[in-house]
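Just dropping this structure here.
All chains are identified by letter, namely A, B, C and D, in their written order; residue positions are counted from 1 within each chain.
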Amino acid sequence: MAAQIPTEKGVLGYFQKLSNWGRWGPDDELGTPNLITPEKTKRALATVQEGVSVSLAREIVWDGAADVPSPPVHFMLESGEGWASGDKVSSRPNAAAIDYIGMVFHGVAVTHVDSLAHFFWQGLTYNGKPAHLVSTSMGATVCSVTAARHGFISRGVLVDVPMIRGTDWVERGEGVMPEDILAAEERCGFKVEEGDILLVRTGQLRRRNVEGPVARTAGSTACQAACLPFFHERGVAVMGSDTGNDVSPAQYSQVPQPIHQVGITAMGLWILDNANLEDVSEACRQRNRWEFMVSIGPLPLHNTTGSPVNPIAVF
Amino acid sequence: MAAQIPTEKGVLGYFQKLSNWGRWGPDDELGTPNLITPEKTKRALATVQEGVSVSLAREIVWDGAADVPSPPVHFMLESGEGWASGDKVSSRPNAAAIDYIGMVFHGVAVTHVDSLAHFFWQGLTYNGKPAHLVSTSMGATVCSVTAARHGFISRGVLVDVPMIRGTDWVERGEGVMPEDILAAEERCGFKVEEGDILLVRTGQLRRRNVEGPVARTAGSTACQAACLPFFHERGVAVMGSDTGNDVSPAQYSQVPQPIHQVGITAMGLWILDNANLEDVSEACRQRNRWEFMVSIGPLPLHNTTGSPVNPIAVF
Amino acid sequence: MAAQIPTEKGVLGYFQKLSNWGRWGPDDELGTPNLITPEKTKRALATVQEGVSVSLAREIVWDGAADVPSPPVHFMLESGEGWASGDKVSSRPNAAAIDYIGMVFHGVAVTHVDSLAHFFWQGLTYNGKPAHLVSTSMGATVCSVTAARHGFISRGVLVDVPMIRGTDWVERGEGVMPEDILAAEERCGFKVEEGDILLVRTGQLRRRNVEGPVARTAGSTACQAACLPFFHERGVAVMGSDTGNDVSPAQYSQVPQPIHQVGITAMGLWILDNANLEDVSEACRQRNRWEFMVSIGPLPLHNTTGSPVNPIAVF
Amino acid sequence: MAAQIPTEKGVLGYFQKLSNWGRWGPDDELGTPNLITPEKTKRALATVQEGVSVSLAREIVWDGAADVPSPPVHFMLESGEGWASGDKVSSRPNAAAIDYIGMVFHGVAVTHVDSLAHFFWQGLTYNGKPAHLVSTSMGATVCSVTAARHGFISRGVLVDVPMIRGTDWVERGEGVMPEDILAAEERCGFKVEEGDILLVRTGQLRRRNVEGPVARTAGSTACQAACLPFFHERGVAVMGSDTGNDVSPAQYSQVPQPIHQVGITAMGLWILDNANLEDVSEACRQRNRWEFMVSIGPLPLHNTTGSPVNPIAVF
């Protein structure tokens, strides 16, 4: 993997070179998932052999951690307590339990997709929409996650980088290169194709499971900016990994988060952050098969820049 | 539809008669979705002909309404404003927008599934678990929605009651009867089978779209308690509708919410509340086909009694 | 009360004429409460004769209403249930109850003070601070409510307009005029002085108590813009009423909320919204005395544009 | 300070010995603040010499810390951004900023008072009220903080333990003893009297300011259980300190939090947690005077077990 990372100038050039602005019309707010055609969905279904489902989501938990300073919250408006004894004071007539859940799903705790309203570049997001249309008061009046309301059902392919590299995990601060993906294609017998949901396992979640969480300042691995032309060329519809999807510490001063900055604003690429690829990588290894169907149903949250999701892989 | 509704004594008898306690082992927390076997999932995929996806979820909106006294909330922790001008004071280094979402998903505003910790009967829930294990402090320490973490991918069938009855919608306070479902089977050429996701459209959401929301005290239609033996006999894995899934005003004093009370606690039935069945009913009519694949990925919310979902139907 | 309301041009002139910019230094973020000198506080204490306290706050309740579409929220993280029986599953070692409270205190439900970061005029707030320093990400980096961390303890005077006018309440859409205040001075034997906390009772809260809440579109009474020069001339430190403190429907197209717009941005006036003046008006009537000590302790909420408060009057 | 701490049996005896149940009637929900009579309030006002106010509250901040795993939250529903440029998309007609604040005020981050519904002993709280009346669904249907809606205005006295002991702060795990208070009376020339607001400075907040936060497992100082009979005998109305008000690690296995457990449930004592006594101790030292007026206005939060407060001392 001696491949060289692109220069900052090179990465800055991606904003033009990899742009999908106008490709699906001037009003398009969906971007690369346009590549998941009905025909593509049908082919994805055809990869299923057994009907076995595997979640790609991390459990949403309520405790803070070194990398989760503002954890999601869960409150019970009513619980199961007291119903049995009859000593019960409740506004509800029937014995039921009710929850409140709240979360900032962006960050590195919750498996989620980013809509195309999540990042901006030079005051604009995907398809030239002005950033201020994602307003404090009204939220994402353009490029909301509701653009994906009918979900993404496509073929998933897993690039298991530690397996390819023969390591436990990719180091924080180091990037996954297109060469890793090409090696996975070679080793695993698939080819990333138009409309695919590309899942890149770095092992960083496994490391967290083994070593415990570390502060975000400790850095992160992710796909290196060099992967962006590969995504574009192959027509990746959704890319996801078991990290926050940008190498840190940043490798570029002007484009510190190239996967998000170029991917979202120029390419209209939907990004799946913080997926749990542990179970699916085990499932792939068992079957010696690295392609499967994936179903993602983002919540249709009005004017919102993404959604927590539980993507389901089916083998 | 002259069928008679069961007596309260009859409904009380369902708790024993329709019980699935122990059926999938003494520790089972999943209930009827156990009937979605890999084989069933495969058969569900085989119903897909075109690869066209249709969401079964209502948009999650932030405004209160007559039937939504406590609406979900959406706050922007950072927006797109100010980045273009440079007059920007932010804790974030890059131009991005970040949201907080919060909600009580139970109720009649949000499309969601109930886990088996949502209701209790005589101090217990499904499989004899004591209600107090769903605690105020720790939430659903049993029967959490995480039991469904690998999702439900099965065959969906749509019973479009207004179409069957030749009306616009079922009246509030009136129930959908098993005879409606049998008539739909006859009319639409399917048969509800083991492991199915049974969707019952009452038209009540359409009525809300047309006439506007009304207070919950105005009542609701839903499947009548008489449907419970049908669900049990046919082996329905998940049942959903475009309502809160219990007739109101209540038809029984001791069992005011029989679908939830018997369905969840005795049968271990997963219920999909407040689905949007408008688009899918149109899609069915266009194709003259009332079966399709459905994929539901409940968020794996730790110790939570359900989850908002965006179920995706695929034709 | 045949007094005429000022023209829009007149009100627009207030931004200059009533300006306190620079009056307490170029960095001042406190505004008119600078007039509550220690000497003034001492004089306020000297008005106390009996030591009887009366709250000026409305109870903070959790239900929505016609005028409260987004009510405050209250969740119990732990309750008293289950401790007695011993059937208790808790993350807490001791029998205690714990609450979460959350609220948008601005609006017309919660008694609160506005800090000088709450409104803007022509891109600026009090003392010429640029509006964008009150940012989405970081909040009120200037003119936060923490400017008032040491509280306001001063003399309160109550102008009981319905008593003065001989009515039950001032009509929605109609304003309280300086002539009302002058008449109260005459009738009640006080004179509004520098550093005072001026409380204007319109009876609108009583009307809500009697007739029930109405939508905000039904309008509101409040001090008319004509009172602003009076506030300025007399040196009012804090002004409050039992309303949201601006007449609606708006009487001026360019300055629809003059009390807030001129008061906050030009004068640096602290406004107390939605006070409960029912008990205090009764207390005043009983004693035939309309002056008393008032103590307000705004919560020192970092970078926040106001605070819920419970002002205490002492007779 | 060689005083001995009481045995566990002794502390268990306090529940009877120090009980105020029935003292102010069988329905009383207020407890010891009944001792703040109008006469007492008047005497408190008479201690004021200069009219200088000092806050006793810590700033409410939004960042987590080692001792704040679940920090309060602050979201801007509207900010000052965008108004100046005119590129503004807002649901609000006027240039204003709006906040949401939310918090679990119990814990060690927020200065707050506990109502008498906050703790339970043997299934009961103050005045024999059953714990289950503080319910998950409805909150504190007894002994809510609204019992204190008219506020506490009384004499405050500061026991500055580090000054008395000649140290920087009391060590974590060690208690403040009645002998410390007696020494302060001697040294500072006051006597704790009926209806007083007793403030005990341990220096622990100063230590946090100097050394940074430590996890709650590191322990805490506070008044030792031995102080409870002193509080009772002297008729303390409200006791507060710059800590969470119980020594930890716990010194008793059955009564791990005696100040809260005995104080609240048996005595009906209102406790002020996490006060900021740094400024007031400086103010006292400057004046060589350790008594002053204190005004506390708990928010009248419906059915809530306490309230964040900003107590104001006046010299």
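Everything below uses one rule, namely that a contact is a pair of C-beta atoms (placed from the backbone, for glycine too) under 8 Å apart; a residue touches a chain by one contact, two chains touch by 3 or more.
In this text, all values refer to a predicted model and were calculated from it rather than measured experimentally.
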Problem set entry | Same vs different contact residues, chain B with chain C, by half of numbers used | same
Seminar exercise, completed: Larger contact count among C-D and A-D belongs to C-D
Seminar exercise, completed: dist(centroid_CA(chain B), centroid_CA(chain D)) in Å evaluates to 46
Exercise. Just curious, how far off is chain D from chain A if you go by their C-alpha centres, in Å?
Worked result: 45
Exercise. How many angstrom lie between the CA centroids of chain C and chain D, rounded to a whole number?
Worked result: 26
For this session: Scan chain C for residues touching two or more other chains and write them down.
Result: 73, 76-77, 79, 81-82, 84-85, 87-88, 100, 130, 132-133, 135-137
For this session: Report the residues of chain D in contact with chain C in the complex, numbered from low to high.
Result: 37-42, 45, 48, 50-55, 57-62, 73-74, 76-77, 79-84, 93-106, 117-123, 125, 130-137, 139-140, 146, 149-151, 153, 256-257, 260-261, 293, 295-306, 308-312, 314
For this session: Give every residue of chain D touching chain B within the complex, in rising order.
Result: 73, 75-77, 79, 81-82, 84-85, 87-88, 100, 136
Exercise. Which residues of chain B touch chain C in their complex?
Worked result: 63-64, 69-71, 73, 76-79, 81-82, 85, 87-92, 130, 132-133, 135-138, 141
